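Chain nomenclature is as follows: A, B and C, assigned in order of appearance, with residue numbering initiated at 1 for each chain independently.
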């Protein structure tokens, strides 16, 4: 009798301790699952960027099929915010206070991201790889926010440096979208050109709603630019290049990584994209990099929806999630947010399908401690959407 | 509903003791709400409250005065930017910055009302549309307002009360919303409200009866702009980050839809319309998680449509609800309410 | 001088696509006093349908394009029959909201079916080849749009003035009850109006789509088309075309010489200024409502 009572008592204590260990686990983490959240514009004018979230989804499914990370499966919660910050905030709050996310990954858009960054940082929730190369994420650096996408600012610097030093062109102009994305590019280009004692010969703002590019081309033509940087959406970029051709204006076009999906751009522009130089932050869709091919076979071909295109935006979703997955792997069985931050700070020379990723312990004076990828490389578009590598992986200061 | 027997009954604030009772019950329910539901629903309630203020203001213009405005997102933006700028750059306290930006929006509303004196129908809608677009463009141009990069909202402190969480903000919003809605109701019951209604029904006849068209039409614009400006200022605190892109044409159209779907010329209607459309706005993205319907939609997408665009069902449902409500009841949600009341009043005949 | 000429020519070119949308909107307003916000999306559905037929079923252009026009006519008729006629005693605002709702449904439908990636329409005339008039360049697609716009305007103008159906349309707008008393089947007239307007919109869409095709492509042209229709007077067809060219030219002049950012703003500002002087637009007769 007494033994039985003792046995029951010990069992009860053990169960309570065991359950409370389960209960004391980090929010969003159980013994078998890790909840990761993401938002993306699946509808609305920014819908082409919705494939980023779908890419991460396929990537997580691939990891789960291979057994998960340290025995835990990644549960991906993605929702559509239509690029509307009010909806982003609503969705983030709903998921965070409902199911409870362990961390957030990617997430397209500077404005939607900025509307939730304070909320996430106040609650000490890690966020890895915002899908926008804006200076806002790292300036000032925040403990729980790890940026991956190389800054637009950096891309502009790289392109200008190449144009002036390698192509020996001095008349550089820029057509930029009139928002944070374009303004960052403008800033980078102006700063880099100032180093050579040059100035931008023309800065042409483009509104997202503009359909007719002729006034813009006329201004560029009047300034006799021989290099034009394109800091706009792919559709506007094609319109500009096309209108330029119709008006017999043919400078060296250079664009950012958003327009670097050459097979796609070549097809949509009906061949106009030939000869454009682009900066890119990851391997190109038809590259023979083994890791990229592995993702294509294991993630895209098995889990992508019918009609999904293997394009840059799609595997960018994988690119932005790679550091997070690496960080979770390094935490082992003991997965907490603080541990994740510490492990991520220790990531050095990690290479996925993007450039090398380095983080450093938090230093409020050094914004780059939270900027993972600082390198890009330049490619030129050839016939048929093929590409020619112009530089290797290039770290810009 | 019931016929009013004398002037004092018409002007009375609560038409009977029963209405007063239900109103007080509603207020106490609203006061207790944050303790009953999860935080996310409080955020939703905040969003709805802001849309209620806008819808009430817009209804004063569209429903009671018969004008049409597709540019109210411009006033919304003015209110938001005005409040944030006054608080962060000029260090005004919140209780001063909010009415000040509302009054500034009202001034611009008055200016917009001047062309409205001669225009009507689609002509007025283009004028207001142009106004809305101009405001966002001008704000985006000026670097002092943060330009295209947007502004972060400063923290909100009213005296000793630090308004931080959704729940604190909920109480602040509820007080302001209730006061503004009661103010609108009061306005309608006075001479000003009756002048508005007269202008809507027959403006030339109203003028011959002595209603100063210029004054009252511009006043209608100014008052609705004031309401929208206040709502914009509060929205800046709900979202904590504002930039010109948010205040686009789609926002103006949704505001107008809230008013029309809810019911023109009825405060209850605009409240209902605002609640319905903002709830749909925030919740429709979860449409695929409805148990049977969601799976059927997904299966349908896989076979005939693209699965990548499946979230666009939101738009289809949203548009469908708007169209169906307007087809079956031109008076909107308020019309449904009236019909239900009449049915039950005269039941079982 | 050359720049000035180029700007004017570009303005005329861009005005043509606004003119087609404006014509479509004026046509519907002329017969039923409804501002059709779904105009752009009706054209969008037809364009994407053409794309579907061209890409996946491999029909040649000469079959697909007339097919698209027929499809858009049927679509317009069906929309009017199924949706707008069912509205019980609608107010003007109510009808506007119904068209906005339709617009959302159609856009959601197209995005759902086709996904959001930009696509490209195989069109025989490329938007990137240009014709040179001296030193001034204009793309061949724009030349086509210009002629199509003028042709459509001429056809519609003579149709409305001299054909039986056209006169019946005008009668329906002026006094619905009297028209019915005279034996005109107003319901059928409304259906035809929507059909014809949808065809005009489809032409506009087909001429816009060779540049790029994405579900949001018709919003901008529709707004500018609406503005030009208002500028020219919502009841006047030549007015819509004139307004469109005026807006196109002024926009481009402003963009070239003053500021590119405020280009679209200036268009609306011009419209408001003109409306302050002539409240019903440039060419329409101003009907003062009697008490």
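Following the convention adopted for this analysis, contacts are C-beta pairs under 8 Å (C-beta built on N, C-alpha and C of every residue); 3 or more make two chains touch, one makes a residue touch a chain.
Keep in mind that this is a model prediction, so the values were computed, not measured.
S.K.: Are the chains arranged, by touching, as a line, ring, star, complete graph, or other?
M.R.: complete
S.K.: Can you pull out the chain pair that has more C-beta pairs in contact than any other?
M.R.: B-C
S.K.: Averaging each chain's C-alpha atoms to get its centre, pick out the one most distant from chain B.
M.R.: Taking each chain's C-alpha mean as its centre, the farthest from chain B is A.
S.K.: So, what's the distance in Å between the C-alpha centres of chain C and chain A?
M.R.: It comes to 39 Å between the two C-alpha centres.
S.K.: What's the distance between the Cα centroids of chain B and chain C, rounded to whole Å?
M.R.: Those two chain centres are 31 Å apart.
S.K.: I'd like to verify one number: the distance from the centre of chain A to the centre of chain B, where each centre is the average of its C-alpha atoms, in whole angstrom.
M.R.: So the centre of chain A lies 36 Å away from the centre of chain B.
S.K.: Would you please write down the residue numbers of chain C that are in contact with two or more other chains?
M.R.: 108, 111, 115-116, 261, 264
S.K.: Quick check on chain B: which residues sit in contact with 2+ other chains?
M.R.: 306, 308-310, 312, 314-315
S.K.: Find every residue in chain A that makes contact with two or more other chains and list them.
M.R.: Those would be 42-43, 47, 50-51, 178, 307.
S.K.: Within their complex, state which residues of chain B touch chain A.
M.R.: Going by the criterion above, the answer is residues 38-40, 43-44, 47, 140, 147-150, 152, 166, 238-241, 243, 245-246, 281-282, 285-286, 302, 306-312, 314-315.
S.K.: Which residues of chain B touch chain C in their complex?
M.R.: 62, 68, 115, 118-119, 121-123, 125-127, 129-131, 133-134, 137-138, 141, 202, 204-205, 249, 253, 256-257, 260-261, 264, 301, 304-306, 308-310, 312-316, 318-323, 326-328, 330
S.K.: Considering the complex alone, what residue numbers of chain C touch chain A?
M.R.: Within the complex, chain C contacts chain A at residues 3, 6-7, 10, 13-14, 108, 111, 115-120, 126-130, 132, 137-139, 208, 211-212, 214-217, 219-221, 252, 255-256, 260-261, 263-264.
S.K.: Where on chain C does chain B make contact in their complex?
M.R.: Residue positions touching the partner: 29, 33, 35, 83, 86-94, 96-98, 100-105, 107-109, 111-116, 223, 226-227, 229-230, 234, 261-262, 264-265, 267-269, 271-272, 275-276, 279-281, 289-291.
S.K.: For chain A, which residues count as touching chain C in their complex?
M.R.: 42-45, 47-48, 50-51, 178, 204-207, 209-212, 214-216, 218-219, 222, 234-235, 238-239, 242-243, 245-248, 264, 267-270, 272, 307, 309, 311
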